[in-house]
C-alpha cells in the first residue's frame, strides 16, 4: 500500500493504541483502578464521536458534500443496536413481558411490530447497523446526486432529512419508544453492560473501529478514487468532462461514510446507555461539522482530534463553569476559525515545521 | 368616550348618568318584580352583597342571580368588581370592599357606598373567589342589567351574553329590549339571543322553527352549537328544520374553512418570511452561513421587551406605541450587533464561506448565554398593544389582528428590502461586493464598509422579525434556535440569493403546512412538508426561483 | 472517410434569445476544422451542445452517425471519446500539475478500478512526455492553482491530449499565448489531426492560417460561410461582421 | 504619473517580482510583454492593490500607492481590466457598468457614450446578466466598465484575449484615442505583439519576475524582442 | 474535604430546558445554604456541586456518573424531562446513589434509587378532570399535548378514565403537536369548532414548555375565554405565566400540588427566603420548587435519622419520613418512593398568579403504577423488605424484571 499511514496518522494511531492497551490493562491488573470506569466510558464515547467525524470528513473534507444530516446515520446505527439491546432484556423488563419491550407494553402494543423482527439476533442487528444507514444513504444519495443537487441545497435537504426523521422518531406510533427512545439496557451477548470489563471491551472495540475507519478512509483518499473525489469537490463539471461519473463516486463515499457513521452509533449506544430521537436533531449534526472544521477539514486525523477536543471541552467546561461554559466554547470556536484557518491540526503541524510535499489543501467548493 | 345617542323616550334628553341609571332602575324594577318574585324579593340589596362572601361557588352564584333579579343598578359595579376578582372582605371588620391598587398600595373602598377604608396591609383582606362558572353567571347577570344601557357597546355585550347563556326567564326582557332597539348590530345580536332563548325555552313549535331560521342566517359555529342538540329533538318537525339548517350552515362553513386555511397559511408564511428574510441577505446574498441569525431575531425580541419594560414602569400611557418605538430600536440594536459580528469575525472569513458556520455557531452560543445571563433563562413578558389584540370576523373566518399586522409588516419589510437591493446604489454595491470582492474594490467600492452594511442590514431585519415574533411566541434565550432551521429551509427552498424566492417559499410552505395540518395532524404535516422539500429540490436543484444559466456555473 | 460528427437543424435559445439558430454542420473523421465568428456567435454554445452540457431545443447531433448526442450527458460524451478544452481555463486547482495529467489519462473510469488503481511506469512516462510537450515539466509538483493564466491554458491542453480522445474540441487555445507559442500550438494540433478529429475555435487569424484547414464561420447561431481561410475572408459579410475593414 | 520603483512581491515563499521598475505617463501607452508566467499580471495586481508588495515604492501622482487600499486606489483614478474579465456574473450589463459610480462625483454618474460607440453590442445587452455573455462580450464589458470610471490610469491585462478581429481593431483605435486625449496614462499587458507594438510609446519585457529589457518605441528591436518572448 | 456532605445538582443551565431547570438549581442552592445556616446535617456542612447537562440527554448520564464517581456526591437532585431521568436511571442503579426527581411525570416507574417528589398522574390529572366534570359540568374533552411520552401516557390514562365515567369516544378529541410548536392557529380554531357542539367543552393540556406561550397567546387572540372553553394545564405554572400577559387568560386552570398564592406561614417564609436569595422582587415560585423543598427536607431528615449519608441506609430510613409541605400539610415518603400530596386546582389571575378554586379533601398518595392501564393495574411497588420490589405483580405474585 502506498504509505497508508503517514506521519500524523502514525502518531495518532500510536497514541490511540497506547490508550487502548494501557487503560484496560491498568484497570484489570492494577490496584484501585487508576482510570475510573466512568472515564473509560467517556473516552469510548469520544472515540465514537471521532469515528463519526472521520466519516463526515470523508464526504465533506474530500468530496465537498457538506452534510448537515450525518447525525441521522449515526442515530440509525445507534437505534439498530439499541433495538437488539432492548430485545436482549427479554422478560427482565418492568412488566416482565418476554416479547415486548416495556414502552410497547404500556402503550398497549399487542404484538411486536414487524420491523423489530430479527433484532433478537446479534448478527442481524450488526448487519442492520450497516444496512439501514447504508440503504437510507443510498436512496437519498441516488436521487440527490443524480438530480445534481449540490452545495447548500444538498446541505439543507440533508438537514431536512434528519429533521424529518427526528420528528418521526419522536412519534410514539413509530414504535421506537418516542422521545424517551430506547434505554434501560442490561447486557450484550451475555456480558453485563455495567461491568467494568464490558466497558473496557467496548472501549477497545471503539478504538479498533476508529482505527479501521481511519485506515479505510485514508486508503480511499490516497487512491486514485480519492483524487477524483477531490476533483469533484473542486470542479464537479470539469470532472464530468473527463468522463468520470460524478454521481457514482459521490454515492460511493456517501454510502461508505453513512455506514461508518452507523457503526459509530452502534458502539455509542451501549456505552451511553440510551439512544433517543435527540440524536437526529439538526443541531447535533451541525456539531459534527464543527468538530471537523475545528480539527482540520480534509485531514481525517484532524477530524478525529476535533471531535475528541470539543467533546472533552464540553465535558470539562460543563463541570468547571456550569453557568458560563457556553462563553468559553463559543469563544473557542471563533478563535479557531479566525486564527487557525487549517484547524487545530494545521497549527500543530505548522509549528512542527515539517516541510513536506504539499498535501492538497481543502478549498471551498463553490456553492 | 362617545356618548350613545339617547334612545329611551322617557329619559331621552338626559345625558346625565345618574338619571339614566334611575330610569333604568325604574324599568328594571318593574321587570324584576314581574320575572323574579318570591323569597329573593325579601332580601335587600345590602343583605345580598353582604351574603356574597358566604359559601361555595354555587351558593355565590345563587346570590348573584338574586342580585340581578333585584334589578338594582348599583349591582352592576359591584358585580364588575367581583368578576374582576377585586372584591374582598376586610379581615378587620368584615366589610365587603373593592380593592384598588393606587400607587402601589392596596386601598379598600366600600363595595356599595364607595367610602374609603384606607390602605389594606398585605394579607389584610380575604378575596371573594370567583371561578369560571361564577364568572359566566356574573356576565349573564350584568347582561340582564345592561340590556337597555345607553352605550350600544354595553348593550351588544349584554345581548351576546344573553345569547351564550340563554335563559327562558329573560325572554320578555329580551323582546322588550329588541322593541326599543334601533342600532342595527345590537338588534341583530338581540335577534340571535331571542332565537337561542326560544330554542332553550319550551316555545311553541312555530316560534322555534322561526328561531331556527334566524340561526341559520347567523350561520356560524355558535349557531351550529345551538342547533346540533336539536337533531335529537322529539318533535320531528323541529329535528328536520334543524337538520336542514345545519346542512346549509355546514356547506357554508366548508367554503369558509378553505378560506380560513389559506389565511392561516399566509399568516404562517408571513412568520416564516420574517424569520428568513434577514437570512436571505446574510446567507442568500453574502453567502455567510449565519448560524447566529436566530440570535439576532432574539435580540430584536428582547429589545421589544426592554422597551415595553421601560414603558410599563415609566410611561404607561405609551404602551400602544411600544412596538412602533421598539421596531427602529430593534433594527438598530440587532444591526449594530450584526456590524460588530461582521467586523469582528466574519470579515476574516470571506473566501472561506463554510468556516463562517463554525464561527457564527460560536457567536450564537455566546449571544444566547449573554442574554441568559442578563435577562435570566425564563420567558419574558411582551404584551400585545390593543391594536394587536383580539380578532375580527370576515364572513365565517376569524382574523386575529396580530397576525394581520404581522403579515402586513412582513410584506412591508420585504418591499423595502427589495427596493434597497434593486434600486439603490448601496444595494448594487452590496451585490457587487458579494459576487467578486476584489473586483468590487477595484471599482472603487469600499468593500469593508459595504460588507458591514450588508451584514448589518440582514441583522437589523432579523431584529425587526424579533419585534413581530415577540407578539406570538416566547421571548426567551431559546427563541432564535426555534427559527433557525426553518429559516434556512425557506431561503434555500426559494433559491439562495433570490429574495423573491424567499417570499414564494415562505408562503408556499406556510400554506402547504396549513392545508396538511387538519388531515395529518401537526407532527405529520411538518414531516410531510420536509419530505416535500427534499423531493422538490430533486426537481429543481437550485430552489424554487433558481438563478439559471452560465452566470451561476462558475 | 466517414462522418465523425453531424449537427442537423440545431436550435437553442436562452430566455427568448436565439443563441443557436438552425445550425447544421458536419465534420469528417480525422479532419481539422477551425471555427471562427464574432463574439457571441454561438461557438462555445455549440460545443456545450456537443458535449451534452446544454440540451438543444430542437435538432439532432449525431456521433459517428449513430449515437444521438442530445441524449448523453457530459460523462457519456467524454467516454464516447469527445475531449474538450474550455475557453476559460479550468484545471483541478488543488491537485499538482502531474496529477492533473494523470487523472485525465485514458483509463477505466469505474469506481472499483479507480479505487484499486496504481500508476504504472508506462503512465508515468506518458505524463512526463506530455508535461514536456506543454513545457510544464518544471512545474510538475506545483499545485495547479499557482500557475499563471497562460500556464493553465497549457496544462489544459495537456489534459486534453492525455485523454487521447477521438474528437478534440478546443476553445480558444491560443488566447493569452505569445505569438511564438501560438504557432507551436497550431503545429501541435496539425500534428494530431488525422489520427484524431479536431475542432478549434479561435479569433487569432494568424493561428487559423497556420492551421491550414477548412474554416467555418458562425454568425448569430448559424453558418455564415465555409471553406478555406482565404475563401471566407474574402466574403464581404464575414469582413463586415467579423474581420473588420 | 505612475512611478514604480524597484518593487518585490512574494506569493507566500515564492518571489514573483524582483526589483521591477516601470512608469506610465498621461498621454502615453506603456506596454509590458513577456511569456506566460513571468509576472505581468502580478505586476498589475500590485498596482491595483490586489497583492501587497514586499519591497520598493509605488508612486501615483505624488501619493504612495502602498498606503492606499484597493478601493482608494480606484477612487484615486486607477481603473483596471483584469485578466479573466471578472465580470459580476449576476449583475446585468447595465449594473456592471454602474458599479463604478460610487467612485465618481455625482455629475459623472452616467455611462459615457464612447462605451457604446466602441462596443455597440453592449447596448443591446444592457438587461442581460453579465455572466451569461459570451467570452468576448464579457471582455468588451470589462473594458467598458473600466472606462465608466473616467480613470487617469488605465491598466489593461491582455484586453484582446478572445476578441474578434474587428473589435480588436476598435479597441486599438480606442486606446489610441484615449491616449491622444492626453489625460490618461495607459499600462497595457499584451501577448499580441503586433497590437502592442502599434500602440505603445514605451515598452518593458519581463522574464522570471524581472524586467529584462525596456525602452521607447523608437529603440524597439522587433527581432530581439521576439527572441526574448520565445526562449 | 471529607467533612462536607456533597450534594449534586443536575439541572440544565443551557439549552432548551434551561428555561425551566435553572430555577431548580437556584432553589437547591438556597436550600443548602439555609441548611448550612442551621449547622448542616449531623454537624457536617453541605456543599453543592453544580454541573450543566445542557439539555442533552446522554450528557445527563455522563454528568450523573461524573457527579457520583468523579465528585463523590452523596445525593443528587435533578432532571426535569422524563428522558433525562430515563437516561440517568441505570447510572444511579449501578453506582447505588440517590436521585430526587421533582417534576410531575407519567408514572409507570419505581426505582430503588430514585425518589419521585413530583406528581404521579393520579396526583394531578385525574383530580383535575374530576373538578371540571363535577364543578363545571364539562361533557366534551380535548386532550391536547406535545407528542412525547408524558402526554401520551397521561392522555391514555385520562381517556380510559373518562370513558369509564361514561364519556362517549366522539366527545374526546386528542391532538398532538411537535415540541416547541409555535403556530397554533389551526389547532385553536379546531378546538373552537369542537367546543361548539352544544356541550360544555374543556381542554386538558399536556402541552410542554415553550409551546405554551404561543398557545395561550393564540387562545387569547382568537377570543376563546375560560368561560367558554376552559383549559386545564399540567405543565403551566407561575414560571410559564411570567412570560405572558395573563389578562385574556383569566380563568384558565392548572392542576398542581402547590401554588405560590397558597396562604400558609410555611409558604410565606419560603417565598420570602427565595426572593431574598434571588434578589428580585418579581421572582415566582412553583410546584417543582416545592417538590425539591420537600425532597430535600426528607433527605435531611433521613440522613439525620440514619446518622450517615450512605445510600442504602438513607434509602431504608427515608420511607415513612414526613415533612411539612408548603400548602399546610405533611407530606410523607411512601414505600413506592412517591410521596403524598394535596392536589389543587387553580385559576389564572390577571396578576400572573393562580387562585385555588378547589382542592382535594386530603392528601393523595402517589401511585407508581396506574390503575387505569391494563398492564400496570396489577403492579405495585414497595421498597420495604421483604418485598423490596418496584414492580411486584399481584397476579403472578412475582417481582417483574428489573432487579
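A few comments on the model shown:
All chains are identified by letter, namely A, B, C, D and E, in their written order; residue positions are counted from 1 within each chain.
We adopt the following convention: a residue touches a chain if its C-beta (ideal position, glycine included) is under 8 Å from a C-beta of that chain, and two chains touch if they have at least 3 such contacts.
As the structure is a computational prediction, the values presented were derived from the model and not from experiment.
Counted as hops between touching chains, the shortest connection from subunit D to subunit E is 2. Among the remaining chains, those touching subunit B as well as subunit C are A, D. In this view the innermost chain, defined by its CA centroid being closest to the centroid of all protein CA atoms, is A. Comparing mean CA positions across the assembly, the chain most remote from subunit D is E. We define each chain's centre as the mean of its Cα atoms; on that basis subunit A and subunit B are separated by 45 Å. Each chain gets one centre point, the mean of its Cα atoms, and the points for subunit B and subunit E are 30 Å apart.
Subunit B and subunit D have Cα centroids separated by 63 Å. Centre-to-centre separation of subunit A and subunit E, using mean CA positions: 35 Å. With touch defined as above, residues shared between interfaces to two or more other chains in subunit D number as follows: 132. For subunit B, residues touching at least two other chains, in rising order: 368-369, 481, 523, 526, 549, 553-554.
The residues of subunit E that reach two or more other chains are 13-14, 147, 176, 178, listed in rising order. Every residue of subunit A that touches subunit B in the complex is listed here, in rising order: 66, 140, 143-144, 147-150, 152-153, 156-157, 159-161, 163-164, 167-168, 170-171, 237, 282-283, 286, 289-290, 293-294, 297, 323-324, 326-327, 329-334, 336-338, 341, 364, 366-367.
Touching subunit E in their complex are the following residues of subunit B: 57, 84-85, 123, 127, 129, 131-133, 135-136, 139, 164, 221-222, 224-229, 260-261, 264, 267-268, 271, 368-369, 372, 376-381, 383-384, 389-391, 398, 400-403, 471-478, 481-482, 513-514, 517-518, 521-523, 526.
Across the complex, subunit B meets subunit D through its residues 425, 428-429, 431-432, 435-436, 438-447, 497, 547, 549-554.
Considering their complex, residues 51, 53, 73-75, 78-79, 83-84, 86, 90-96, 99, 102-104, 109, 111, 114-119, 141, 143, 145, 159, 163 of subunit C touch subunit A.
Considering their complex, residues 13-16, 18-19, 22-23, 135-137, 147, 175-178, 180-183, 185-187, 189-190, 192-193, 195-199, 210, 213-214, 217-218, 220-223, 226-228, 230, 239-240, 242-245, 248, 250-251, 253, 263, 347, 349-350, 355, 357 of subunit E touch subunit B.
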